[in-house]
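The following blocks contain the structures, represented as structure tokens.
Each of the two complexes below includes chain A, the first together with chain B, the second together with chain C.
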Partner chain A sequence: MPLLEINNLVTAFHTPAGRVPAVDGVSLSIERGKTLGLVGESGCGKSVTAMSILRLVASPGVIESGEILLAREGGSVDLTQLPEPELRKVRGGRIGMIFQEPMTSLNPVFTIGDQIAEAVLLHRAVPRAAARARALEMLKLVRLADPEQRLDEYPHQLSGGMRQRVMIAMALACEPDLVIADEPTTALDVTIQAQILELLSDLRRRLQTSLLLITHDLGVVAETCDEVAVMYAGRIVERAPAAELFANPQHPYTIGLLAARPATGVRHEGPLRTIPGMVPLPQNFPAGCRFHPRCAYARLPHCAGDVPPLRDIRPQHQARCHYAGELGPATGEKGDAAHFPHFSNAGNELRPLFPEGGS
Partner chain B sequence: MTTQPLLVVENLQTHFPVRRGLLRRVSGSVQAVDGVSFSIAKRRTLGLVGESGCGKTTVGRSILRLVEPTGGDVRFAGASVRGMNARDLRALRRRMQIVFQDPYGSLNPRMTVRGILEEGLVIHRMGDARDRLARMRRALDRTGLTAATLERYPHEFSGGQRQRIAIARALVLEPEFLVLDEPISALDVSIQAQVVNLLVELREELGLTYLFISHDLSVVEYVSDDVAVMYLGRLVERADAAALYRAPLHPYTLALFSAVPTIDPARRRRRIVLTGDVPSPSRPPRGCRFHPRCPLAESVCREVDPPATTLDGHLVHCHVAARELERSAGDVRAAAASIAEAMAAASAKPASDAAAASGTLKA
Partner chain C sequence: MNASSPIRSSGFWAEAWRRFRRKPLAMAALAFVSLLMLVAGLAPAIAGTKPVICRYKGRLYAPCLGYFDRRLEPTIFAKDKFRGTYPRNLVEKDPGSWAVWPLVFQDPYRSVRDDEWPGRPANPARDEGRPSRINLFGTDQAGVDVFAKMVHGTTIALLVGFVSMGIAGSIGIVVGALGGYLGGWVDMLTSRVTEIVMCIPTLVLILSIMALLEKPTIWHTMAIIGATGWTGIARLTRGEFLRLRQSEFVTAARATGAGPVRIMLRHILPNALAPILVPITFGIASAILTESSLSFLGFGPPPPSASWGSILNDARSNLSMWWLVVFPGVAIFLTVLAYNLIGEGLQEATDPRLREARK
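Up next, the complex of A and B:
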């Protein structure tokens, strides 16, 4: 049984301009000790999904339907139905959270030590001194330099990478079963990102914590995640084990995303392949397949009329596309295969650039 | 090279004063840029990479004198930019334009696109009303926007479209040289490739010269002819793009490249995780500025600022690299390989001081 299972989650914002379904029927599951990468561009609903898990979606956002099942001894509990006081024990207790911007998510007027200790005191009946000792232990765990001294410092005295380590220490202080990390390294430089990702993987392995990693960076997913779910316009469009997804992407959106990034160490000829158009806003998601206006493979009127189901294309690999698995060369006015550099379009044959297997 | 470089940056230095106390006395300085030199030939693109705080943005702004350099010089088409009076500088700025990172912050929300594009033309007294309109239409057309854009406001556009407007604003003055300061980092992945293609297309069509500032190493490699790497206010390495990515010599460049996550397992480099953070540019370390984080640092690195070593146009500031180049009798690839080897060995040490802490955690 998975640690966390989300079924048909719908979270919408009720604005004066109407109902905006930011998350529209998302289903996910995370196994114990595994990392799930949730990938997508701005406005795709990945952060709202994460916030929905802890019921932290701000008004006018409402979880309208679906269930979020967290496993516990002898069964599971639906977080969408849990009374608020119970839920507070889950937040920071069984589920820890790491946000993108460590400066705004740490309180500037309390010391690092006090903030971590507070998290411990909220969830464990321990004396203050023990909570402080725990805070120190956590700072050592996340390999912050001079932990004894840092305990009494304020967030502004730390660098961005150090603050993110403090956030991780805080999220892990109560030994959660699941950590949700929302773009944990986006605000950081690459060399610091490498440190933080290595730390997260290492801690996850050692503590057997599950990790939901939300990011827009496919490279980060490829190097840290076991499973990947790709979101587009409020829906999951593709789901597979990481190695499988990158070796055999099935949804045209995923194929396009992979193709749009120039690879290093390769001589490129001609322009980069692009996904035409722009990311739709939730207030005007297209009908049918939400990617169809940008899709080089779209066949009208089918793709504009019917919502494709998320279906099995290959073993353990699902995609939400009417034609996944039989895409062949791209046609139609959105252009030829020129939009998709992931595939070499020498001759008429589409050939994946990355070899099968991917390891 | 027979052609005169369009832009020459010579020992550029931009320090910002740090003021303290009641009397706001200058107590020190942030050495944002401290002795940077490079040149860019006409129609070429120099990529400038480095992490936040390394001074790459300040280099771009110092070239246009949007911030005043405190030392060294910038020469554009032979004329010294630092010595220019206000009038000459204004004339020069028509020829050198800049595109900023944030397309939300860099366009005035109260002005229509017409107002935004026309402002520069009016300031530089270019054409009459009809001529200006024609120029604006041409600039919009070049950036893939329609003339209908003119009467609309920035908030009506997406991030990618706004960046096109910012590029049109630069182009309308028909410049020769553009500073592109992180022009795609604020955009979604699927939009980035569109803007990169546009920039490359414009360069070819209009014969533009670019300084492309970015922390995105794969995009820099794709766009640039030459690439310079900065660390803490200094250039640490500069070479032809293909040569630099194939055979990086500076330990920092190596670590930087290895830190970039990649989706293609075949191209994954051996990860070199640097320890520690970038030191403050107000108190840079003595000797080589990278030595406190460098796995290969020796005693000389802690004392002596490494001079430039140049071989086949590949420039590096590093004692270890200089010695390796000498040992390999000028074979850059062999030298790069042995430095990479040493880096991998040095950073493969077990980093499990945290193991003890985690032992108590689950107990």
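Up next, the complex of A and C:
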């Protein structure tokens, strides 16, 4: 039984302009001690999914349906139905969270030590001194330089990378079963990014914590994740073990994403490859397969009419595409589809479709 | 996400103080208010007819404390039939006694009699009592020294400001915090109540309640000023809470499992305090003005305690006694001005937009 299982989660924002389904039927599962990468472009709903797990979605966002099952002794509990006081024990206690923006995610008026200690005191009935000792221990664990001194410093005295270490310390202080990291390295320098990621995976291994890593960086996924879920326009479009996904991407969107990565160590000729068009806004998601207006393989009217189901293509590998498995193998060992294979299967009437020719 | 969200560093107060210190007017105002506090605290030692410390029949006493509370005056002097006049009685009844006298031998509650202080004539009464070397600010119609009255009235002037704004601040912060943080119908309710209270003319309400009360005291005045003067504070607090509620460190605090009360008190309030202090400071000034107006109209504290406004009231019946207008008038003006200057200094020292505009 997985540690966390999300079934058909729908989170929508009720704005004056109408209902905006940012997350539309997402299903995920995270095994104990494993890392799941949730990948997608900005605005695809991955952050809202993460916030939905702890019910931190800000008004006017509402979790409309679906269940979020967190395993516990002798069964599981649905976080969407849990009363607020019970939920508060889960937040920070069983599930820790790390945010994207370390510069603004720490309270500016409290010392680092106070903030970590508070996180401990919220979940453990220990004296203040013990909480402080725990804070120090955590700062050592996240390898912050001069932890004794940092304990009494304020957030503005720390750099972005140091603050993110503090955030990690806070999230792990109560030994949660699951850590949700929402783009933990996006706001950091590239050199710091690598350090933070390494720290995160190392701590995860040592503490036997599960990790839900939300990112738009496929390189990060390749290095840290056991499994990957690719999200597009509020839906999961592909789900597979990391190695399998990179070797055999099945959904055209994933193929496009992998193709759009510049290869490292190779001098790049010509313009970088991109996926044409833009991520649609939740207000006007296209009908049928939401990727079809940008899809090189889209076949009309089928793709614009029917919503493709998330189905098994290979063992442990699911994709949400009518034609997954028939798209032809992606070339290159990193899945770098050097010749983004425009389907020209005669008789099948599959044709490339770009936004300017959109339906 | 929003990178320009509030970064109020811990050094915030230190930095605000540094900026405040650079404003000579605001610093002068702060010095003036500090001086007033000193005067209020040391009033019996500045002007009075009771010794600050005296040795009588082999023991030490501090009869001047009787000005703070009658019960603090040692009973031995009443038993020995001093009848409130110390200088002669001390020498006559115990030749070996000594005493340290207030700087100015004048009483705020009664006229000083002939030869009460060896070799000094009685206070002049009516319009004879213009300022002199003995009566610095002159005397009123009954011959009571105006300087002594004003020194002892300082307590009331300060108390009115602090007590009424203490009440107004507590109500305003609670109402504004609830409305701003909880939103929804709570916000609707608190906002409407605030608007209704805003429509109440404070002075008229106080006058009507004072007319109804059998024994109105200065405390009633303060309570009413406080109970009606919180609207501006509530609106500002609401705005700050609305803004900070969406800040990332509040989301992060919720993610560690903090409940709404803890978030409001520990995470938002300290960050919102600076802008809230500004209307409180202005409120102190306006409360002092309101109390003076009331006293001027004859609804001040009951005799014998005299506020600055009630000295002004004495001048109404005899306008030729200009010293009854000028000295308390200037004192009220300076005090109100000082609080307004402090408020303005505080505003400029804590408002980031004003700060940038001045660079």
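Some observations on this one:
Simple rule for what comes next: the second predicted complex is superposed on the first by the 323 of 359 C-alpha atoms of A that agree within 3 Å, B and C clash if a C-alpha of one lies under 4 Å from a C-alpha of the other, contacts with A are read in each partner's own complex, and residues count from 1 in each chain.
FYI, a residue touches a chain if its C-beta (ideal position, glycine included) is under 8 Å from a C-beta of that chain, and two chains touch if they have at least 3 such contacts.
Computed from a predicted model, the values in this text were never measured in an experiment.
After overlaying the two complexes on the shared chain, residue contacts for A:Ala17 are found with neither chain B nor chain C. In the superposed model, A:Thr104 makes contact with chain C only, not with chain B. Judged by the number of chain A residues each one touches, B leads among chain B and chain C. Once the two complexes are laid over each other on the shared chain, residue contacts for A:Ile275 go to chain B alone; chain C is not touched.
Contact with chain C, but none with chain B, is seen for A:Tyr154 once the two complexes are overlaid on the shared chain. When the two structures are aligned on the shared chain, A:Gly92 is found in touch with chain C, with no touch to chain B. In the superposition on chain A, A:Ala125 makes contact with neither chain B nor chain C. Applying the stated touch rule to the two superposed structures, the chain B and chain C interfaces on chain A have no residue in common.
Interface residues of chain C, counted against chain A in their complex, comprise 1-3, 5-12, 183, 246-249, 251-259, 266-267, 270-271.
Taken in their complex, chain A has these residues touching chain B: 41-42, 137-138, 140-143, 145, 159, 161-162, 175, 189-195, 197-198, 202-203, 206-207, 216-224, 243, 246, 256-258, 260-265, 267-268, 271-276, 278-279, 294, 354-355, 358-359. Taken together, the chain A residues at the contact with chain C in this complex read 54, 56, 58-59, 85, 88-93, 96-97, 99-101, 103-111, 118-119, 122-123, 154-156, 167, 170-171. Every residue of chain B that touches chain A in the complex is listed here, in rising order: 51-52, 158, 160-161, 188-194, 196-197, 200-201, 215, 217-219, 221-222, 242, 245-246, 255-268, 271, 273-278, 351, 353-358, 360-362.
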